[in-house]
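Each of the next two complexes has chain A plus one other chain: chain B in the first, chain C in the second.
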Partner chain A sequence: MSPEGLRATGGRAPDVFREGGWIPMRQYGLDEEVDFLIIGTGAGGGTLAGKLAEHGFSVVAMDAGPYFRPLEDFASDETEQGKLYWQDKRICTGENPLQMGGKNSGKAVGGSMVHFAMVSLRFRPEWFKSRSLLGYGADWPLDWREMWGYYRQAEQALSISGPVTYPWGPKRPRYPYRAHEINAAGKLLAKGAEALGIKWTETPLATVSAPRGEAPPCVYRGFCRFGCSTNAKQSTLNTWIPRAIKAGAEIRDLAMAGRIEVDAADRVTGVQFYRDGAWHFQKARNVVVAGYAVETPRLLLNSATQRHPQGLANSSGLVGKYLMSQSNQAVFGRMQEEVRWYKGPPSLTLTEHWNYEDKKDFFGGYCWMAQGPLPIEWAFIQTGARGLWGEALRQEMMQYNHQVGLKMVGETLPDARNSVTLADETDQYGLKIPRISFSWGENDKALIQHAIGQMTRSMEAIGAEDIFAQTEDANHLAGTARMGFTPQDSVVNADCRSWDIPNLWICDGSVFPTTGGVNPSLTIQAIALRTADRIKAMAQRGEL
Partner chain B sequence: MKPPVPSKRHTPAVLAAKRLNRGAAMLATSVLLDSAVEHYRGAFHNPAMLAPIATSLAALAGSLHGHGDDKQQRHAKREAIFALTAATGLAGTGFHIYNAMKKPGGLSWQNLFYSGPVGAPAAILLSGLFGLLGERVRDADPGTTPKICGLNAGRVASLVTSIGLLGTSGEAGLLHFRGAFQNPAMLLPVTMPPAAAAMMANAACGDGRKNRWFSRLWLRMTAMLGIAGVGFHIYGVSRAMGGWRNWRQNAVDGPPIPAPPSFTGLALAGLAALALLRDHPED
Partner chain C sequence: MNERFPGYDVLNKRAGLSWNNATRAAVDARLAVSREPRFFDAPSFAVLERLCARIIPQPKDRPPVPVAALIDAKMRRAGEIGTRVEPMPWDGEAWTRALAGLEQEARNRHGAGFAALNDISADALLHAMQDGTCDGPHWDQIPPKLFFAKRLLPDIVEAYYSHPTAWSEIGFGGPASPRGYVRMEADRKDPWEAAEAKPGEEARALRHNRHVA
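Moving on, here comes the complex of A and B:
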C-alpha cells in the first residue's frame, strides 16, 4: 500500500482479517465535539478507545501511522517491516544515546503492539510501592490488587497463551489459552535455569495457541517482532481497534497531532492535526494523549501557550522528565547441535527469578528470555557488539543455526538526567523534534553487570561455546509524564487525568513512575482499562 | 430389543468374537491413520516410529480376517498378531512417557501437551486386547460361557472397554485442554465417554441379567461421537492459517482427523461386551 493512502475514511475502515476487506465505521465531523479524542492507538490509546466506546462515549482515535491489513501488507522481510517503526527525525543524546526504532516505537494503527514481542507479564505487586516497600524509585498511586483484576481483563482481551501455573508472585487465574510448544532456544534457557537451580516457565504470549474467532493459531513463522502476517498475534490492531469501531469509535489513520488547543478557562478544546495534506482542527470535550514516552511529552511541550509557557500539564515541570528505558543486554553463544532459534515466537521461555529475589546489592529486578533474532538483527549484533566485519562476519553468520542466547529485560531507575525536551529543529510537519537524553545510572550498571553474569553462567551450564555479551542495548520506554499523588510530584493522577487541565488525560507508558523488570505492554493496557472504568464512573457522577 | 439370532453359520460365541473384531478393526484403523500422520510429522525420527503403522496394519488385517472367519476356534496366527499388537501398544506407551519425561521440566503440562501423546499408543494396545479377547471367546466350548482367566468374558470385555474409554477420554481431555476448549463441542469427548465408561464398569461388576438398553443406546451415541469428531476435526483444520488450501501443513499440525474414531472402536467393543453378557449372563 502507499503510505500516503488513507484507508479509514468514507465510512469504512480496513477489515484486518480479510485481504482487501472493509468494515463499516462511524465518522465524526470536525465541528462535532466528541467525548474523547485519543492521540495514539497503541497499548494505551487503542485499548482505551475500545473500552470507552463500549462504555458509550463518542470516540475519535488518531494515529500518525497507516492502517495495515496484516494478511496483505506484512512481508517476511526485516527491512520492509521497518515501516512499522517511528523513524522520524529525533536527536538522541546523553552518555548512552538510545537507538529509536523497532524496540521502542511504533507508527501504525495499533501502535508498537503491531510489532511487539507479545510478552505479556504482570508487575511484581511490590513494584507499585517500590519506594515504600523496596526503597527505590517512586510509589504508584495504584493498588496492585485492583491492578490484578485489570491485568486479568487485559489477558482475556488478548487471549494470552501462558503456563497452566505461574511460578512467581501471588496466585493468578489460569491464562485463557495454553502455552505454546517450546522451541530449542527456549528449552536451552530451561536447561540452563535448571542447572542454576532457579525456576523458569513458558512466557505468557499474546499469540493464540488455538483458534480464536477469526484469528488462526500461531504457525511459528517467527516474524512476530516484524508484524504477524497471520493475525495469530493478538495486538491492538486486531483486538481493541475492531472492538472500538464496532462500538462506534472512529479511527483516523495517517493523522499527526501537532498541537492541543486550550481555552482561557484552562480546558482543552480540541487538537490540530495534519491529515491528507492539510491541517485540521477536531473539537473534543476531552483529549487523551497516548503517544508513548517520546511523542507524548513532545506534543504536550509543543502545545505551550502564554498561560502554559512550559507546555501543557507541566506545572510540576515533570513533563519529559524521568525517562526510563529498560536494559536489554544479552549473552550469546554457540551450541554443537543445531538450534534454529528463529523458529516460533522469539521468547518462548523466561525466568523472573531476579525480579522476585531481593538478595542483591542493587535496586530493581530483571528477567531474561530465550532469544531468536532474525538474520539481519543478528548481523547487527555481530557488527555492533563484536565489531566483526568482512570474512569474519561471514564465517560467524554461517553459524546462525547453532546460535543460542539469553536477553534481559531490566528495570532502570527513574533518573532526573534522562529526559525528552524539544530541539529547535523541525520535522516534515513543521513540528519541533524531540531531544532524547539518556544515560545509565550507577544502579542500572550494577543491575546489568549482575544480569550478564547470571546469563553467562546459564550459558556455560548448557555447554555453549564462544560465549559473548552484548553489553549495550535498551528497549521499552517509560516515564516522562508520571502519575502520582499530588500536582507537585506528578503530571497525572491515578486516573491518568492531568492535575493542571481536568479534561486532558495521558494514557500510555509515559505515566509509569517506575518501570519494573518486565515488558510494559500488559501494564499499559491494564492502566487503560482502569482509566476507562474510572472515566465511566466519573461521568456518571458528573465529574468530567 | 430383540435378542440376536445366531445364523446357521454362527454360534453366539463366533458372533460375539466378530463383534469384538469390529471394534478392534476400528481402533486399528484409527491408530494406523493417526500414527502415520503424526509419525510422518515427526519425520520418523526414530525407526521405532514405524512399529505402530506395521502392527496396526497387521491388527486391522487380523481383525478383518477374524470377521470373515466362521470357525469356532481360535486362530493361532491371528492370536500372535494381536499379542504383538498389544505388546507394541504397551511399549509405545512406555516410549511416549519416557520421551515426555526426559525433556526439561520432566512431568509437566508442556511436555504432556507437546510430546508424543502418552495415551495414544494405548489405543493399539486396546485393539490387540480386543482381538485376543475375540480369539478366546471364539475358542469357548459350544454351550459354555466364554471365560477369561476364569472370569465371564463379557465382564472382562466390559471392564477393558471401561478402562479404554476412560483413558481415551483422558487423552482427548488433555489435548482439548491444550486447545483451551475453544469450541464448546470439545467438551463432548470428555463427558460422553466417561459416562459410557461408568456404565461399562457397572456392566463388568453389576447384575449380569439386567437389560442394559440405555447403556447400548449410550454406546451407539458414543460411536457416533467418534465419527462426528472426524467432522469437527476437519472443521478445525479449516480454522488454521490457510485452511484446507494449506492442507499439507494444517492436516498434519491441526487436530488429528483419524483420532476420534477410537471412541467408535471402543463403543463397538462395548456393544460386543454387552451382547456377550446378554448371551451368557451367568457368572
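Moving on, here comes the complex of A and C:
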C-alpha cells in the first residue's frame, strides 16, 4: 500500500524502523528563507541534506514521492513495488529509446536508492581525467585522491559489506562489514572468471551482513531491487534521511517542484511546488536541484524566464545535453544443477577486469555481475531478447530455477545527440513532460560486442547450455548538467555550483561528464559529501 | 500437462513467515481483480482474451490467471502514467488501436474475427505482427512490430507472471519477507522452497511440496 497522504507534517516524520512509528521533525514556514532548499532526496539530495544539516545549515528537502516505512509498506512483489518508480508521463525516442522505470528512476523519499541493487563501487581513478589520460570523453574538475576520501566516508555511512582486499585499483581499506555469503549464481561467475584467468571478487554491497543500529542483517530474500522490507539495505531512506531530520532538516514528501524563481539580479529566491492539492512557494537562500538526469534538466528548462529564455543555468546550452545511460546487456544460460538465483542479493560477485585492462580497440570499460532476475523480469528477457511466446515461452520459463547469467554495467560515451528536452504535452501537474532521446554510438556498440563476447566465454567455461545474449538493455543515467572547468564547457563547477546563478546548485548524477563502467550511486554520494564540505568552507569565508 | 513442481502452491505460504501484510494485501487485490472489463469494450476484450491465451498458454491443473482482466485494470490506471516510445501513442490508446488492427487483420485474411480463428491461423497472424509483415490502413496509427515487442509481449507476461499460479508453475519461492532464505548453495533448498520432480523423484517431490508452508 502507498501512504494515502502526507506523512512528513505536523512536526513529525515517519520512523522508518517502526510500523506506524514517528520521529520528531523541525518544520519551516514558507516565508522562512532557509539556507538550502533541496529538490530530490536520493543519493545526491538525501546525502547532501544530511551532511548540510549536520554542518549547521537550515535545510528543507522535498521529494515528489511518498515517505515509506519499509516494514509496513513494502511487499515482496515485483508489480506492487512499481510504486517506487517514477512512472509519470515521458516520451522516449532515438535509435535506442530508453526503457524508463526501475533501473533509472525513483519517486519516493530516498529516491532510487530505495530500490537500487546496492552495488557500491568506486570509479577507476583515471576516469576522472579520461580525456587527458585515456583519450576519450571529458575530464572532471575533481581529483581522484580527494574523491578516494569521500568514497571512504560514503562506504562508512552505509556500512558497505565487501571483501577484505579489492583486486583492482589503488589500495583501499577493508570494507566496514564482512562480505556476504555467495549464492550459487555468484559462485558460477567466480568459476567462469577463474577459467578465463581473470580476477573476481565479492561485490561491495549496501546491505548489512551483521546488525547495525536498528537495521538487522540481510536475510537473503532476493527482492532487493523492489525495496528492502527488513531495512537491511542501507539506502538514503534509512541512513541519511533520519540523520538529516535529527540534525534539524525538514523533509517534505509528495512535494513536486514545478519552477525555480529567479530575481532581477539573477539569484534564485525559492521554488514553486505542488503539495496537498495546491501550489506553494518556499523561500530559500540557495536551491539545490537533485532530481537525476531527467527531472533535473526538466526543472531547469521549465523554469525559463525572459532573462533566461533557454532555462536556468543554461548559458552554455548544455542543460539536457550529453545524456548518458550505461550498457546493461547480458548473457544467460542453463545449468544442470538448480541455481535458484532468486535467493540473496542479485549481484553477490563481480569482475571489473575490463575496467582496468586497456588492451581493447574501443574506449571505456565495463564490469559484469551475477544476476538474479525475478519471474516478471525474467519473462521480459525471454520476450525481449528472444521474442518468445506461446508454448516455447512457457517451457523456457519452467527452467527458471536452473538459469544463470552475467550482466554488464558498461560505460557509454557522452554524445551530443542524446538529450532531455521538453515536449509540448503536460503532466498531471500541468508541467511540460520530458522527451528523452537516446542512441548508442559506434564506440558503445563496440564495447557492448566485446562484453557480450567475454561474458559468453565465461558462460561456456562453466558448462552452461542454451546460452543466449540479451543485446538491448540499458540502466543508470548520467549527464545533462555536466560539471567542468569553464562556464562555456559545463553547467556547474567542481562544487556543483551553477556558473550562471551562484546560489543555484545541482547535486546528482546529472553532473557526471563521463559515466565510467561501474554503478554510479557511490560516486553520486561521494560528490554530495564533498559538496557539503565545500559549501561549509565557502560559507566560513563568506563566499556563498 | 507435465508438472515440474507437482503439489507446490506458493499460496500455501500465505499465512506463514514468508508473507508480510503488505504482500498479502497486494496479492489478495490481484486475485480479486474484476473479471469484467471496464477499460476495453466487450468485443475488444474478447480479442484480448484470445490473444493472451495464445501468448502464454496456462496450466490446466492450476487456477487460471485472469491475464486480460489484469491488463484491463492496468489500462484503467494508465491515464496519467507511462512511457510512450515514439511513434506509438500512450498505452491505453495503443492497446485499443492494436486490438482493432488485429481484429481487422483477421477479417481481411480469414473473413472471421480474431477470437474465432483456429490456433494455427491465430498464431500465423501473431507472427506476422511480430515480424512487421502485416500492412494496411488499420495499422496506420499503430506500428505492429513495435507494439508487439514493446507493449503486447511485456504487458501480457507481466500480468501472467504476477500471479501465484505462474510462480508455483515455475518453482519460484514467491514472496519472502520477513523470512528470506538460508541455503544459498546450488542444489540446496530450504524446506519452504519447491522440490523439482526430476525423473524418478516425482512422488518425493509431491510429498515435499505438500508440506511447503
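Simple rule for what comes next: the second predicted complex is superposed on the first by the 540 of 544 C-alpha atoms of A that agree within 3 Å, B and C clash if a C-alpha of one lies under 4 Å from a C-alpha of the other, contacts with A are read in each partner's own complex, and residues count from 1 in each chain.
The criterion applied here is as follows: contacts are C-beta pairs under 8 Å (C-beta built on N, C-alpha and C of every residue); 3 or more make two chains touch, one makes a residue touch a chain.
Quick caveat: nothing in here was measured; it's all calculated off a predicted structure.
Student: According to the stated criteria, A:Thr230 is in contact with first (chain B), second (chain C), both, or neither; which is it?
Tutor: both
Student: Given the touch rule stated above, what does A:Gly387 touch, chain B (first), chain C (second), both, or neither?
Tutor: In the superposition, A:Gly387 touches chain C alone.
Student: Go through the superposed model and pick first if A:Glu202 touches only chain B, second if only chain C, both, or neither.
Tutor: first
Student: Considering only the touch criterion stated at the top, classify A:Ile182 as touching first (chain B), second (chain C), both, or neither.
Tutor: It touches chain B and chain C both.
Student: Regarding the shared-chain residue A:Leu134, is it in contact with chain B (first), chain C (second), both, or neither?
Tutor: neither
Student: Comparing chain B against chain C, which has contacts with more of the residues in chain A?
Tutor: Counting residues of chain A touched by each partner, the higher count goes to C.
Student: Examine A:Ala210 and indicate which partner it touches, taking first as chain B and second as chain C; both and neither are also allowed.
Tutor: Once the two structures are laid over each other on A, A:Ala210 reaches chain B alone.
Student: Now for A:Val164: first (chain B), second (chain C), both, or neither, which partner does it touch?
Tutor: first
Student: Figure out whether A:Ile467 sits in contact with chain B (first) or chain C (second), or with both, or with neither.
Tutor: Once the two structures are laid over each other on A, A:Ile467 reaches no partner at all.
Student: Just checking: does A:Lys191 make contact with chain B only, chain C only, both, or neither of them? Give me first, second, both or neither.
Tutor: first
Student: Quick check on the output: what are the common chain A residues between the chain B footprint and the chain C footprint?
Tutor: Dual-contact residues (chain A): 181-182, 187, 219, 230.
Student: Which residues of chain B touch chain A in the complex?
Tutor: Against chain A, chain B makes touches at 103-105, 109-110, 113-114, 177-180, 182-183, 236, 239-242, 249, 253.
Student: Show me the residue ranges of chain C that touch chain A in the complex, using the header's touch definition.
Tutor: 4, 18-23, 25-27, 30, 54-57, 80-86, 90, 123, 126, 130, 149, 153-154, 157-158, 160-162, 166-167, 169-187, 189, 193-194, 196
Student: Residue numbers of chain A touching chain C in their complex, please.
Tutor: 1, 71-80, 87-93, 97, 99-101, 181-184, 187-188, 218-223, 229-230, 335, 337-340, 342-344, 374-376, 378-380, 382-384, 387, 389-391, 393-394, 397-398, 400-401, 427-428
Student: Under the stated contact criterion, what part of chain A meets chain B in this complex?
Tutor: On the chain A side, the touching residues are 163-164, 176-179, 181-182, 187, 190-191, 194, 202, 209-212, 216-217, 219, 230, 232.
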